[in-house]
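Note that chain A is present in both complexes that follow, paired respectively with chain B and with chain C.
After this line comes the complex of A and B, so read on.
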């Protein structure tokens, strides 16, 4: 087999394998974050004696705190590059996007930097979340009465 | 104990679907997270996401789809009490804590820590 042939075969197979690996990584990392989420939910409900609704708020705050802290320390960007969707689909991605936008524009000042750009990456999630929740909520309210 | 398995499977599956979309289309992470929030809100028209939460527990709270679910859920609870205006007044009832803490934490982290690059 010549070098060209070999390289052609490598080229043909590499992207597919890379894609499968990416999907596996995203699945495992996302799944582990899901397990952590459920563990924290059970932990908060039992140790603080609160309802699961209140505990779910604490779970989300805990994950946001950890993701924001790791982003501020600088190594969460590498995690995102490694885990891709496994890290940016969970709420950790929301916190990372917000914190990294803040940090990126910090040198432009507190108002024109942080203030104007804090929602630069997460604004789209909030915007389409509200628009879709309002429209779907309206549909459900009119069809089923809430 | 089975809930842990379901939490893993559900959260993992959502992330894997996101990764498939990311690798095979030109959509950015911003597009994908927006799409998933819309999907989470959509699934609540028929109470589907509520059932997933019962089934996967904390695993259903973690993906960004739960943000859409919490938005529409808060809006509908208020709408049942106070009529159609409740859709607007109750929109942030359940997500306020998440958004507020994300903003406050992001702000103070930025003020305290210096950017590495």
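After this line comes the complex of A and C, so read on.
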């Protein structure tokens, strides 16, 4: 039996993932996080009398704090499992990825554990985030002059 | 290659399982279970060692022997450099052989030991294994608290420790023969569908075992694979039919499916895996049923996926192996 014939048997028994349901979940949950973020933005700008640019930094910090705290309490992984991309695409996912790596490796020491593993999942996001920001910044500068 | 044995008997076995296995349908067959994934230790790795050590302790009590009377200890586990096994070997103090065939490690161990017993080089040995869901997640996948969503074909590493005492003294159940597996690779690359990667290895071993012993699948009351899972099981049945023209529909099941209630325990996806998965099912459930003579002939085919995260990231396909032992009630 060739590998292709075997592949046909494997394909036949491969269950279908509920992609539509996952997309809808991600849309709704991601949307709710967006609404919460916007609510916080309004709240910070009016109550602290600051610009919306300053307030948006505070919004990000708030969401990171809450997500990390939820991760530390041990139930956020269940939420991620349920809400999937809805939770891990926004900044909450980034915070969760760092906190969970931090918690996992803390027993291997401050340097060899936390230090060398905290960016295990998020290192990719940071690296390619910076690279693409640089590239798009360059394109913007060349096309529109900044 | 199939080896027949005349004088190799199973005297006793012990099993300890974690919370997910405790919630499964085989709970009453385990010697001990715990709700605590940390198992009163500080790390997942230490918890796994304690599971393993406790299983040895229970086994020694069952067979009423001191550590000094154990002539050989053979063990294997999933963690890098099989550190759980070597730590337990140190605590036991018997001469030690560490083995690795991923989730078929314990059966590899039994085959090695059975040969030495049959050749009268040793009188007895203990073979053991352990795995821990979260220690395996940490090593092979993501940090445990990350809870990355998984596809339905993913399997779930079982948590626990299991040991078996094999001897040349006559007892109720004997190891009748063993078939050593070949490494098989049908170019599967998905680490979240190991059932598909391992099914051809199981098929090859089952086929060669039946051919060497001139038996039909119906000779056995039960044919068990280690951890192919829900979809791997279907793949194996189809593949056996198409490639070898052998029908497994009657008496075949998979330990990974039996260990959990797949309808209610959704987090296990396709079913259990890990070396302790087949050990918990066989040493707990199957041996019990054999002692009651509900099963008289059982073929256990433990399956192992021989990959590492590094080999996967370097785009290597997943090699797999399956070792089989045939167990028989002594009449």
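We take it that the second predicted complex is superposed on the first by the 128 of 146 C-alpha atoms of A that agree within 3 Å, B and C clash if a C-alpha of one lies under 4 Å from a C-alpha of the other, contacts with A are read in each partner's own complex, and residues count from 1 in each chain.
Criterion: a contact is a pair of C-beta atoms (placed from the backbone, for glycine too) under 8 Å apart; a residue touches a chain by one contact, two chains touch by 3 or more.
If you're wondering where the values come from, they're calculated on a predicted model, not measured in any experiment.
Of the two partner chains placed around the shared chain by superposition, chain B is the only one that A:118 touches, whereas chain C remains out of contact. In the superposition on chain A, A:17 makes contact with chain C only, while chain B stays out of contact range. Of the two partner chains, chain C is the only one that A:3 touches; chain B does not reach it. After overlaying the two complexes on the shared chain, residue contacts for A:63 are found with chain B alone; chain C is out of touch.
Legend: residue contacts after superposition of the two complexes on their common chain; A:46 is shown touching neither chain B nor chain C. Within the superposed three-chain arrangement, the count of touched residues of chain A is higher for B, of the candidates chain B and chain C. In the superposition on chain A, A:84 makes contact with both chain B and chain C. In the superposition on chain A, contact is made by A:76 with chain C only, not with chain B. By the document's definition of touching, of the two partners only chain B reaches A:130; chain C does not. Once the two complexes are overlaid on chain A, the chain A residues touched by chain B in the first and by chain C in the second are 71, 74, 84, 97, 99, 103-104, 107, 121. Interface of chain B with chain A (complex): residues 3-4, 7-16, 18-20, 22-24, 29-30, 32-34, 36-38, 41-42, 44-45, 56-64, 66-68, 71-72, 75-76, 79-80, 84, 87-88, 91, 95, 97-99, 101-103, 105-107, 109-110, 112-113, 115-116. Put simply, chain A touches chain C in their complex at residues 1, 3, 5-7, 9-10, 12-15, 17, 71, 74, 76-78, 80-81, 84, 96-97, 99-101, 103-105, 107, 120-121. Of all the residues in chain C, the ones that touch chain A in their complex are 42-43, 138, 142-149, 151-153, 186-188, 193, 196, 200, 231, 234-235, 238-239, 242-243, 267. Partner chain B is touched in their complex by these residues of chain A: 19, 22-23, 25-42, 52, 56-57, 59-61, 63-65, 68-69, 71-74, 84-86, 88-91, 93-95, 97-99, 102-104, 106-107, 114, 118, 121-122, 124-130, 132-134, 136-141, 145-146.
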